[in-house]
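Quick heads-up: structures coming right below.
There are two complexes below, and they share chain A, which is joined by chain B in the first and by chain C in the second.
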Partner chain A sequence: MASVSELYDVTWEDMRDKLRKWREENYRNSEQIVDVGEELINEHASKLGDDVWIIYEQVMIAALDCSRDDLAWSCLQELKRQFPDSHRVKRLAGMRLEALERYDDANKLYDSILQDDPTNTAARKRKISILRAQGKSSEAIRELNEYLEQFVGDQEAWHELSELYINEHDYAKAAFCLEELMMTNPHNHLYCEQYAEVKYTQGGLENMELSRKYFAQALKLNNRNMRALFGLYMSASHIAGSPKVSAKVKKDNVKYAAWAASQINRAYQLAGRGKKENKCSVKAVEEMLESMQITMS
Partner chain B sequence: MAEPELLLDSNIRLWVVLPIVFITFLVGVIRHYVSILLQSDKKLTLEQVSDSQVLIRSRVLRENGKYIPKQSFLMRKFYFNNQDDGFFKKTKRKVVPPSPMTDPSMLTDMMKGNVTNVLPMILIGGWINWTFSGFVTTKVPFPLTLRFKPMLQQGIELLSLDASWVSSASWYFLNVFGLRSMYSLILGQDNGADQSRIMQDQMSGAAMAMPADTNKAFKAEWEALELTDHQWALESVEEDLMSKDLDLSGMFSKDLPTGIF
Partner chain C sequence: MFMLITTGAIFKPLIFFKIKARRLRRHVWPGFLLPTKTLILTGRWVRDAARCSVSAQCCTQWKMASSFWKGVVGLGLFALAHAAFSAAQHRSYMRLTEKENETLPIDIVLQTLLAFVITCCGIVHISGEFKDMDASSELKHKTFDTLRNHPSFYLFNHRGRVLFSSPDQEAATPSPQALPSNPLRLRKLENFH
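So, the complex of A and B:
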């Protein structure tokens, strides 16, 4: 089997830089990380210097994702040998136990970390993930709420909590969590879009208006967010179709919906340019938009 | 009348000026590494971490509250600032001002600071004064009054010598302050060899409070939050958005990234 460097004709420095990019931007492409990282560790470990330890950590987590227990074990051994008393390495050992579904052992390990250092957030978050993996969502929600009472600034945790609430259909609380995220990351269009979706799901005229506003905000932050564009169309046509609105509001929303529909058409035309089936797909788009109209009977 | 220029033996340059520069520099570097070794870990309590994050959250609410709906903003403001049981009103932290007497870790820190900085300076200054004494080392480029003579010309007993000519001890002290910028170049900004910064810290340390008095910080946040109003940034977002067509350039590019590299 050809190695990564042969397949793509890259040097070990390119591979190391690619791993660093994935690490800094929080990618979760575990199979690629395992391929690139395994070769880097086996062939070029001595040239990496001190970088090798963080690469071991990155590859180990990716190996757990891909069920490569052998690779995970060897990475863990190297790290244990170099950093015998480290909490960070203990957490990795706990993650390996979680992957083997030995949840009680993992919990014991995390409790020992917390006894040593009560401010260690990583161990507490792993315990909550164990609860989630076991399917105990209401307990996970409770623990996560307690965690967030003490560490209000942890954005990862707020996002996880919003996901848990959405799964439990508790949309009001999910919206609260997403508001926290929107405040700390005002330029992130994805949080605006998710918030708008939650508001849309909650339903009711006020929530529809909010959802339309936030879809528009998401589009303003990123013009290419198709999902937000469709959401804008849906929420605007929903309000326009509702019998309880005044004439002015209805007119405004019809205008918004029409604008959204025209932009969708533009996008599909742009996508289909140069292709022969363009005319048919344009017709299909119009039919789709027609069918998505929510009619109030 | 122009004074006859004194010509110094070039041996002085070789064996006095340069060695003093090297000695000062090396001692500074050693001081930096020693201070790193002696640094004690600062353990933060759970409460301190939690409080600092709460303050950050309140600040974020003030600055970016305009991106969430008005109702949500008011709900959070109420949670923080409510008269009877708002968080900032209700929470009082026990604050112990860490004077050196009561807080043992601060005492040891102060002692370590003194040992690593002041003591070597005195010792080496004295040693240089003893070793390189009895001759003039260098001349400062600006004229000085006679009152500086006893200070700068320690071992030289000449009444008529210009005060600009200084002894090696003063050259050593000049170096200590002059090499500060060299240290920041080589050891990075926050280095332990930076004498004058430490002395500045010690002088202002008496007036400065401990690591952020939490109660005062809470009170300040409460006041700032009271003053904040909600100006919803999304009032006219649809108009802004729909004033022009969406910019869809680059969305359907022909070359998709394939593979890892």
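So, the complex of A and C:
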């Protein structure tokens, strides 16, 4: 099979930079990471210098995703040889055991790490992931709550907890977790938008108004967020269609919904300009918006 | 006199030449003496080193541009050193001829200012691309695809273990419908961001 560098005509520096980009932005395209990383390790290991160890770690985790046990084992051996007593390498060994579904062995390994170093956050997070993999989500939630009581600033953990709560349909607590995230990242439009979606799901008039406000906030932070635009349209039409609101509020919300609909139409028109099917797709968008009108039966 | 003090304040090695440097301990090193990665110019956009996704042609051009601007920075620093030396010489000459009230000659002053400007321009050009001041603008292209991934909480009991397993592993476990040789592998590297 042709190597990646021949197939796409890239140098080893481009491959290394791509891997770094994927690592820093948390991409989980494991198949590509394995392809690129395996070639980089096999052919260019000497040129990478000290970067090679973090690439080993990245490739190992991707290999576990693709069930490439041989590659994962060889990466782990290299890392063990270089860093014999490292907790980080032990954690990787534990992850490999988890991938092989040997959860008890993995738990023992993490317990030994925690005995050595009680403040090790990585091992605690892996134990929570084991509970989640085994389907024990209520215990995972409890453990994660205890973890967050001690390490309040851990953004990843808050987002994970919000996801767990959403899976359990406990939207009030999920909203609380997302509020924590919004507080620490006020400029991130995605957290605003996810919070607005959770509020929309909860339903009820106050939640709907709150959701509309947060969709608007997400749009203010990033005016290219289509999901927030659709959310604004839906929440505004929902409020306008509710029987409990005053006439003025109804009128305002109809105006917001109309504005959102016109923005959506414009965005689709701009996206489709120069393409042949633009007229049909624009018409389809209008029909879709009409069909999404909330009707109170 | 003031020019001498500022020149002295800017240029560290002056201290080695035993010039009267009473008011020189301000420790405000301007940008061009800090390593380029920690450049802080208040009120201006902060440059971030541009990496990945440069085509080969662009790369060589960038390297050429950088050596030109590196030359400019070198020239500017040399001119600054020269101006400092001249100022020091002038000071000692003044002291020898006991005419301590004469101000620095205008050409030394001009050379100092010009060298400073040239060095700043050179540094700004070799230190990479600017980032926006607006904190939310660099998030404009972020999507939930990547935000949702929490590397410390990755689970491995997903269908990727079957989907992405290599062909010889598939042959070892014969299945009634053999999967075609993976079409996912043929996607271009560049299409994926």
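In the analysis below, the second predicted complex is superposed on the first by the 297 of 297 C-alpha atoms of A that agree within 3 Å, B and C clash if a C-alpha of one lies under 4 Å from a C-alpha of the other, contacts with A are read in each partner's own complex, and residues count from 1 in each chain.
The rule is simple: a residue touches a chain if its C-beta (ideal position, glycine included) is under 8 Å from a C-beta of that chain, and two chains touch if they have at least 3 such contacts.
What you are looking at is a predicted structure, and each value in this text was computed from that prediction instead of being measured.
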| item | value |
| --- | --- |
| First, second, both or neither for A:Arg142, with chain B first and chain C second | neither |
| First (chain B), second (chain C), both or neither touched by A:Arg88 | neither |
| Partner chain(s) touched by A:Ala271 [first = chain B, second = chain C, both, neither] | first |
| Which of chain B and chain C A:Val10 touches, first, second, both or neither | both |
| Touching partner for A:Lys47 - first (chain B), second (chain C), both, neither | neither |
| If touched residues of chain A are counted for chain B and for chain C, the larger one | C |
| Chain B versus chain C as contact partner of A:Lys283, first or second or both or neither | neither |
| Which of chain B and chain C A:Lys108 touches, first, second, both or neither | neither |
| Partner chain(s) touched by A:Gln263 [first = chain B, second = chain C, both, neither] | first |
| Partner chain(s) touched by A:Gln32 [first = chain B, second = chain C, both, neither] | both |
| Residues on chain A lying within both footprints (that of chain B and that of chain C) | 4, 8, 10, 14, 18, 32, 35-36, 224 |
| Contacting residues of chain A [partner chain C, same complex] | 4, 8, 10, 14, 17-18, 20-21, 25-32, 34-36, 61, 64-68, 95, 98-99, 101, 121-122, 125-126, 128-129, 132-133, 156-157, 159-160, 163, 187-190, 194, 221-222, 224 |
| Touch list for chain C against partner chain A, complex | 51-53, 135-136, 139-140, 142-158, 160-162, 164-166, 169, 184-185, 188-190, 192-193 |
| Complex contact set, residues of chain B against chain A | 44-46, 49-50, 53-54, 56-57, 60-61, 64-65, 67-69, 72, 234, 237-238, 240-242, 245-248, 250-252, 259-261 |
| Residues of chain A defined as touching chain B within the complex | 4, 8, 10, 14, 18, 32, 35-36, 118-119, 150-154, 176, 179-180, 182-184, 186, 210, 212-214, 216-217, 219-220, 223-224, 229, 256, 259, 263, 266-267, 270-271 |
